[in-house]
Amino acid sequence: MTDVSIIGGSGYGGGELLRLLLSHPCVEVKQVTSRSHLGEYVYQVHPNLRKRTQLKFSDPAALESVDLLFLAQPHGQAQHNIEQYAKLAPKIIDLAADFRLRDAVFYEKWYGEKHAAPQWLGKFVYGLPELHREEMATANYVSGVGCNATASNLALLPLVKADLLDLSAPVVIEIKVGSSESGAEGNVGSHHAERANVIRTFSAFGHRHTAEVIQEMGIKDVSLTMTAVDLVRGVLATAHAKVKEGVGTKDLWKAYRAVANENPFLRVVREQRGIYRVPEPKILAGSNYADLGFELDENNGHIVAMCAIDNLMKGASGSAVQCMNLMMGWEETMGLEFAGLHPI
Amino acid sequence: MTDVSIIGGSGYGGGELLRLLLSHPCVEVKQVTSRSHLGEYVYQVHPNLRKRTQLKFSDPAALESVDLLFLAQPHGQAQHNIEQYAKLAPKIIDLAADFRLRDAVFYEKWYGEKHAAPQWLGKFVYGLPELHREEMATANYVSGVGCNATASNLALLPLVKADLLDLSAPVVIEIKVGSSESGAEGNVGSHHAERANVIRTFSAFGHRHTAEVIQEMGIKDVSLTMTAVDLVRGVLATAHAKVKEGVGTKDLWKAYRAVANENPFLRVVREQRGIYRVPEPKILAGSNYADLGFELDENNGHIVAMCAIDNLMKGASGSAVQCMNLMMGWEETMGLEFAGLHPI
Amino acid sequence: MTDVSIIGGSGYGGGELLRLLLSHPCVEVKQVTSRSHLGEYVYQVHPNLRKRTQLKFSDPAALESVDLLFLAQPHGQAQHNIEQYAKLAPKIIDLAADFRLRDAVFYEKWYGEKHAAPQWLGKFVYGLPELHREEMATANYVSGVGCNATASNLALLPLVKADLLDLSAPVVIEIKVGSSESGAEGNVGSHHAERANVIRTFSAFGHRHTAEVIQEMGIKDVSLTMTAVDLVRGVLATAHAKVKEGVGTKDLWKAYRAVANENPFLRVVREQRGIYRVPEPKILAGSNYADLGFELDENNGHIVAMCAIDNLMKGASGSAVQCMNLMMGWEETMGLEFAGLHPI
Amino acid sequence: MTDVSIIGGSGYGGGELLRLLLSHPCVEVKQVTSRSHLGEYVYQVHPNLRKRTQLKFSDPAALESVDLLFLAQPHGQAQHNIEQYAKLAPKIIDLAADFRLRDAVFYEKWYGEKHAAPQWLGKFVYGLPELHREEMATANYVSGVGCNATASNLALLPLVKADLLDLSAPVVIEIKVGSSESGAEGNVGSHHAERANVIRTFSAFGHRHTAEVIQEMGIKDVSLTMTAVDLVRGVLATAHAKVKEGVGTKDLWKAYRAVANENPFLRVVREQRGIYRVPEPKILAGSNYADLGFELDENNGHIVAMCAIDNLMKGASGSAVQCMNLMMGWEETMGLEFAGLHPI
């Protein structure tokens, strides 16, 4: 068994990670830290884990060495402590935004502050297996992914990989998200009475996850517009772009099928009948799938490319476990077999 | 008192219209028809009207003459019976899509069938007061509006009116809608277990309401992408467009304030603090307001223009009553004073 | 016009009250206080009031004299300041729990602390018009009502008034509530991600509103069990009790019809067909109706008596306005005409 | 591998069963029938199963012999075909209500019709492992369980098993349910616009599942009151009963811990802090746990006993798989390891 610990286990990402690791066949969870819930049973915070573990939240200052360390803290903490963490474990996976960007100047542009450990940026592999699977086999340090960036990147992946986009046109990505994205701490708008029934465009431009799309897709003129809807888990990214002249539906099918065949967690959803004809986060809660779809207006080349994920799974902890599997040389899908529910 | 009747009163639009007319100070509702609910009390179908009226649904074949007739049937019926209806009342307001488009060829293109009464198309005024207030003062026939078209047209109105858009760029409108849009009959996907928690992009292109945006805004390269979310009432249209070179936030404020000043039901929502900083349909249930907002990326002229409405009010029955007020020479806001609720 | 002010206007009860008063034909709102939102426009907190008022929140220390003062503060404040408030206005309506109970010992039992102004308890009339309509005509001080107490009291009213209950059996009231009950401040469980989709029995026994049921219904063996469900506005109280021997469905119909005839906001809902056969808070948002229903098991006399209300209307601000109308000698329903929406 | 087939696989119970069986390590699914979806891929109806199986719905007339046959049809069909099904498989588990009751007269009383195969009633074991674990080891025929009956029976189990109830007092069970209970076909009230935001007491007395509580708990004076709330999956049963004189909280803890220790899927939830202090179906979606809790009013012996389950899992397909495991001599929890999600 491989020993792992989680720093920052009382948040939503940390809790989901813990759920996955507790049922992972090759892993033993040694410690889960939380300052605010120190000494409490983890199931008191994550009630789904009752009868699954007797672990209590421990003090981050009392961490012991392990084979692999997961960082699941709020953004901005890991970069200050990375040297210390690296002494505790030879392999680290960070779920926060601290090491997602490769370039310190680019980081500063999007996060509005200097990076505290710029020399570490180059050591991390960006944590989306669909983009960096091979590097992960030998990586010691893997970053997390932004959930909105992941939905966006995977929506665009088949198009970018097959070079089908006309990049002289802007790429506009409309993203709809559930309330778990705001984290366990929430914000003033998180109160159920204010957050239920919303269609709230809380960010028209400039969301930080945009940086990950620019970096990973190599697209410069891209914008993310974020809208909160009444749902707990789930993201749908709907990308509006233009395909190159001559690109038709057949080319698109080919490109989409190719990525779905190469990636165990990608599926193409494009049905002619039934209720579920397009990608929908609704049925993905708890699953690591990313469902992809597209629709093309052949008159003008306008393509609508969609990707649905569970933000806490493929958009965070599920991808992190998938990265671990690849780093450790295990089956990529191990511990991530849950199919999702219908109806839900 | 002005006598009015409603043909097709058991649907959501008809029910909402009935609610408004029952409390309108200048109107008396004579008959409300429904074939499927013939003989039932209207409050058995619209339970909010219990203790408000003892009206029963009557037979459409037994309609008597009135001063003004509202048509609230499913699309495609009014055009076959308009001659007959015109004999019953000197003034008609149709909530359906039958008489929204001015051109029979354009109608056929978008609705896939020949119009049954093309000679009537020119007699109707398009039923959005914010676009045709003056014509309504003398109109006898006023059409309904598509709810998604209304959210789109009002999102674009300040920009079009002030001529701020660069129309060489496409206009992409992302629309999120609640479940009352599918009508009281619903469809296979309307079952709560399938429809709750959704973010379902049920139409990427080609929604029929697009035709009303093209006609009323004079924009050719415009697309509507429709996404169902978990909400009963409400539409948010988020239009992505490009402003003309040199247009800045100040110009936009001026354009938005102008339309808000001219129109009693338009409001500009663009706050720097609080929970409700942008237009949201959540707080508009039952109100006739359309809330407008915008955000500009001054680097590239990308504008995100938003409009939130209650699809059954400003997007249907509320606008119809507003049209009636204008046609009859009454105060435009009469019977439409409900402010909406917070929280809800 | 009668001048009124509201102390504590940024909460949900205060906001709803303000909405009602702003459109009340006999009233002018002079001041609305809020310490935390001092100086802000009221529409920044209550966005439904945008374009309805330019009022700003004012300092409670700067209150001027008015004809009638509404107190909408959190529980426990009014009793400390009532002498001072009484100098500002000859008539006071308090929405909080400070003056609901008539007896200081009883108050201490349920609230766990001595009352700060016990000599004032006897001066207040309990603020449910259906129970104390006549006293209100001459009252200067009227208390608020607990929303859960109101649903319970009105569920039992027809049975108690017609003396149909066998009070040797306990009365068990199961209450289901929406999230606006927790107030604008909320609590740790109010985060949408934790509060959505819940069926959470947060109080099995001992809810403070029980005291109001004991006091007003004269029933000693009564318990309230509180369950939070996924809804913003609304309460359904389902009372399980036993009718006296020989009482049948006809007796019940008679008792229910009597109270519905005597009270403009009470309706009996007991249909044999349609979707809405029983009382439901869903269709009551924004309305002041209380819908009553019952079902009797004639084999054993077990009666299930239901009452649905909007907790912010009939359960708080709506009843307060109704009290004001009675205190001022106005039409009881004035300013409370909104019928509620369907669907919603 | 044990070969199994499912008759009636397009409903919610059948779909959930299929999901569980597809990932069960000892089972191979041979056929899944559906008349209405004949020839379609099962993932077109149950979209969570995309990329998990290439099975298509087959004709029930073309069923082949298997080791174990699951019946997941609507109620009333299995009893007409049981002879034929018994020829196809030596072991049968029926999810419907056809074989839940042991007595044909009792069946007729609750279902209003004669049973079509009364001689088979005695051959079936009632399908709740917590009540009939030992009999299942040798059973060939196991019935399904009513989801509401299961929540009720498990809420009462610790009390009945330890003989703590005073059965001279009536047992009143208030049950709150999600929309998946109405089945994939739904009913007139299932439309999202009518079913969202509801607190709808659709059955005050006489729900058929009551019969299973009477039969299995041996309690005669018991009633189930059913209330629909806004949720897809989940049931909470809240039983109001009276404990015998002298029974205190310590006795209750002992009784609850005993059943939790004996049953892998029962948990006691009774916390003093945190958000999740009581049983809640919210966190049980997809899990087979039944969470139990209680609260006692020591003044009068009134006990509130709660049980939360996922109606499609512990209340239907999860229990069916658990029964299969016991019938086959496998580990009881096999294939039922999913912990549930938080948040969701």
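Here the chain labels run A, B, C and D in written order, and each chain numbers its own residues starting at 1.
Just so we're on the same page, a contact is a pair of C-beta atoms (placed from the backbone, for glycine too) under 8 Å apart; a residue touches a chain by one contact, two chains touch by 3 or more.
Everything numeric in this text was worked out from a predicted model, so none of it was measured.
Homomeric contact chain B/chain C is classed as same-residue, with over half of its interface positions used by both copies. Here A-B and A-C are compared, and the pair linked by more C-beta contacts is A-B.
Inter-chain spacing, taken between the CA centroids of chain A and chain C, is 45 Å.
One finds 35 Å separating the Cα centroids of chain B and chain C.
The distance from the centre of chain A to the centre of chain B, each centre being the mean of the chain's C-alpha atoms, comes to 38 Å. Within chain A, the positions touching two or more other chains are listed as 12, 180, 193, 197, 230, 232, 275, 280, 343-344.
Because contacts link each chain to all the remaining chains, their graph is best described as complete.
Per the touch definition, chain C reaches chain B in the complex via residues 12, 15-16, 19, 22-23, 40, 44-52, 180, 232-233, 267, 269, 271, 273-276, 280, 283, 285-287, 289, 291, 337-344.
Looking at the complex, you find that chain D touches chain B at residues 12, 178-180, 182, 184, 186, 190-193, 195-197, 230, 232. Of all residues in chain D, only 170, 172, 174, 176, 188-189, 193-194, 197-202, 204-205, 221, 223, 225, 227, 229-231, 234, 236, 238, 240, 275, 277-282, 293, 295, 297, 300, 302, 304, 306, 308, 343-344 touch chain C in the complex they form.
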